[in-house]
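First chain written, first letter: the chains are A, B, C and D, and each begins at residue 1.
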Amino acid sequence: MAAFTDKKERITALMHGKDRPGIVARVSGWIYARGGNILHADQHHDNENGIFFQRVEWVPAGGVAEEVELFKKLAEGELEMELKISVSSAKPKLAIMVSKFEHCFIDLIMRVRMGELDCDISCVISNHEKLRALSETFGLKFYCVSVSAENKAAAEARQIEILRECGADLIVMARYMQILSPEFLRNCGAPVINIHHSFLPAFAGAKPYHQAYRRGVKIIGATAHYATADLDEGPIIAQDVTTISHRNTVDDLIRKGRELERTVLASAVRWHLQNRILAYKNKTVVFD
Amino acid sequence: MAAFTDKKERITALMHGKDRPGIVARVSGWIYARGGNILHADQHHDNENGIFFQRVEWVPAGGVAEEVELFKKLAEGELEMELKISVSSAKPKLAIMVSKFEHCFIDLIMRVRMGELDCDISCVISNHEKLRALSETFGLKFYCVSVSAENKAAAEARQIEILRECGADLIVMARYMQILSPEFLRNCGAPVINIHHSFLPAFAGAKPYHQAYRRGVKIIGATAHYATADLDEGPIIAQDVTTISHRNTVDDLIRKGRELERTVLASAVRWHLQNRILAYKNKTVVFD
Amino acid sequence: MAAFTDKKERITALMHGKDRPGIVARVSGWIYARGGNILHADQHHDNENGIFFQRVEWVPAGGVAEEVELFKKLAEGELEMELKISVSSAKPKLAIMVSKFEHCFIDLIMRVRMGELDCDISCVISNHEKLRALSETFGLKFYCVSVSAENKAAAEARQIEILRECGADLIVMARYMQILSPEFLRNCGAPVINIHHSFLPAFAGAKPYHQAYRRGVKIIGATAHYATADLDEGPIIAQDVTTISHRNTVDDLIRKGRELERTVLASAVRWHLQNRILAYKNKTVVFD
Amino acid sequence: MAAFTDKKERITALMHGKDRPGIVARVSGWIYARGGNILHADQHHDNENGIFFQRVEWVPAGGVAEEVELFKKLAEGELEMELKISVSSAKPKLAIMVSKFEHCFIDLIMRVRMGELDCDISCVISNHEKLRALSETFGLKFYCVSVSAENKAAAEARQIEILRECGADLIVMARYMQILSPEFLRNCGAPVINIHHSFLPAFAGAKPYHQAYRRGVKIIGATAHYATADLDEGPIIAQDVTTISHRNTVDDLIRKGRELERTVLASAVRWHLQNRILAYKNKTVVFD
């Protein structure tokens, strides 16, 4: 362990499949036998459904490409697991979709600048011009694609074209105020993370802070989830809440909520970029 | 202020009504002119609905009974407010309804013992015998009233009889697993506080921890609210939450939830006993 | 109340002094008699020390300047209170001192942009050039004043000169990594808010996250306080914490701490700008 | 996994020692080769100090006693680890030391009753008679041992005698207001968990709520730690905090603190009973 430095290339494998005895022993034994050094290993058993989950991060003794190929055979072949595998030198590309609210957007940019999110922002796609100047100030490619009820299919086709051109390993809806169609989600080529400004499943749909105010709750929240065809129903990745009182107006809720939206979305994105999330059966396992 | 000791009798007035200028000046001026010493005063304006709320606690210079009578004239007559007024020497009576889960029940007993809840427990009503021994250990009157689909009306009539006999200024459902009928709520003669084991409005209804587990949320909660004819829809008094992860089973959720249920229910009961809560339009103002 | 619009000029008075009966009645009666409309009023009694505190915010019926003059006579003269009074049309000036860490700095800029902090940033003073480009991108005046053990007095004199030139109603140390001398604090002409990256009084001094890591605490925090001649001992305005575990490295603590530092500092600055804070006897009353 | 029922005896091993590659593979391979079924496995690397930590819980295929013996050889012999090993059928004995405050004491009793803490309470030792009746109500053996400056050594000798007689795998100071001598801690025969009513290291020593009130902090806490010869300096197991404001008196702090003390102490005791805690270098690893 002592000899490990951050410079060495690391492999991260995320896998899940039918649970059975001996998987942990087989995986750790395999890596050890090939001279690899396991940095982190975490596993989870869903006893109800008989599913096994594992995340393992290691430094191989030899070539990374060969190790990845052989590990695929082990995991997908012998162990019959679904596998996501990544290497630390491949920096993922992040595409941001945003409308007019800038708090989550700027927050993501800053975290990339500070090295907190290890990725490149490949493009910004918005349905408004408002954030062009700010995007360009930070050297980001900005594309405005107007969306209306009439042009929705064409607009989404154009968005997918941009995503293909710029590259996107992950798409983040940083308060993008349009609903993505099932077709878009099928064809966009990357998972999509959305931030919903309520503690889901409470207050799904539009204007959740207004809903919360009317119901008189004492706590509000924010939820980051993978976008699926079922609006606000995708697998939840991260949630956080804050207290409110009768003194707080809807504007206060919106202000307080912005804090939550920023940190909850950033956590979800970071975990995804670090290959810590496994989604299954509309839930997530987060190896944090 | 310096001369005030806790032994002097205090009056607490809670009022609300149509907002208009000068109410605070009138109330504080009235108390001051009569030689009273204001200990706490808090007010709130609901600007949306034009409603004014105030809680004021003071030590009168002269007799308490006369002060209360005259203040009623001021508040209800001149200022046209709805008023709840209480004096510190009158210890309120608490009736507890409980089924088999004992955590909230014991918690309430302990807080009364330790002086944290300033009230007397006048009776315990349960639909099971399970907690009789424990109740009697602590010197509490315990009544078992079985409830079934068939005898519900008769059972509730018997419960109301008990409540009348023993006296109840506040009824607390400390995980009482029966739904109280609208008739009961109309006739029981006291407000009813319930603890629901979820972060309402998420997961209303039965088995909320199971619902939360299935939905894969990352945070669970508990909600204390006044019971109304609309199940789980009454004015929310207090809420709290705790984080969970994919590692937590339903049993873990139940265990973690017990902490929340105890503290959230206790806060709601304490605030009610201290005349800190005004319910209106299905919301609450809590002067905490 | 209904007729009130945000456009009307508001006066906010913050005062404290010897407690005695009748102050609330006198203040509210005075405002009401002159036709003023009280929007918010909050008071606090420190019974231990016999001190009364009040914050009152109102829309006067007539001219603001005259109302302010007359209110000063009431509060400082008749009631013998210390008074801070402000009018909503006078936008305060914020001077930011910063070194190399940018998270709090950018956070403050963004909140001013979004209208969350109602002030103008009059200047940025740093002991490094690193944040010049970013400052100028956002149109801010940036001054680099190098500080060393040798030139400290001269550097502080130059900083004070800049503050005088640009104007500063509040100075914020947004992770400014130099200790301000008592002379600076006496002469800088405005209160100074600092963010300390620990839960004070635990881990005062340098490298608090390293201290926390070594001690093995399970929770870390951040503290915003007014800077005084006693380092890390000034009146605490706001604190927040987050949980950590044995899995977290010092780098994780630093990352998690950044979230706290941003929100805690922003809350303290917002409360100060809204005239919500009264400091006395090394503590604060925050009317939030 | 599917075939596992809670009735089967489980073995839990906690170990730590010099880190080196292959330990995880060796341990999991060993258990698997003998037909065991791993229920949970968690490990941690302290990269700074080169220490490896592991907790593994499994159901052996054959006899428990033999498996334990053989595993000791593996862990202590071959792998040179320090090992704590326990079997699920052996219910640990809990001894409670308490003075006059009953909130933590009753809380522990209730959690044992509800099955939340899987142990037997072997005895209650107090330096006051106050909690005898309550203890005996719950069928607990109660021993009063008065402690004064003069008789301290003799009193501690008597306490150790009681602990030996009744049996104690864990001793809990549930607000026991005497300092245990280094001799007691050496000779009492079991680890000791203490609850300190502050967020350590802030406000060590006596009357922490008064200290916190004087310093004007905005958050208070509680800390459960192993008792060592250095007062309030032992390895921290669990901490929690709650917010306070200028409105809160010392009495409010004490009341709010009671909530924290109960839950923090209970968590620490539960984790210890479940063999989840490894203490080293004045810190803890908690596999929760």
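Note that a residue touches a chain if its C-beta (ideal position, glycine included) is under 8 Å from a C-beta of that chain, and two chains touch if they have at least 3 such contacts.
Here the structure is a predicted model, which is why all the values come from computation and not from measurement.
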item: Touching chain B and also chain C, the following chains; value: A, D
item: More contacts between chains, B-D or A-D; value: A-D
item: Chain whose average C-alpha position is farthest from chain D's own; value: C
item: Interface residue overlap between copies chain C and chain D, same or different (over half shared); value: same
item: Averaged-CA centre spacing for the pair chain D and chain B, given as whole angstrom; value: 36
item: Chain centre separation in whole Å, for chain D relative to chain C (CA means); value: 42
item: Residues of chain B engaged with two or more neighbouring chains; value: 47
item: Touching residues (chain side chain D, partner chain B) in the complex; value: 102-103, 106, 110, 113-114, 116, 137, 255, 258-259, 263
item: For the chain D and chain A complex, residues of the former touching the latter; value: 1-2, 4, 19-22, 24-25, 28-29, 31-33, 37-39, 41-43, 45, 47, 50, 52
item: In the complex, chain D residues that touch chain C; value: 44, 47, 199-203, 215-219, 221, 235-241, 245-247, 249, 282-286, 288
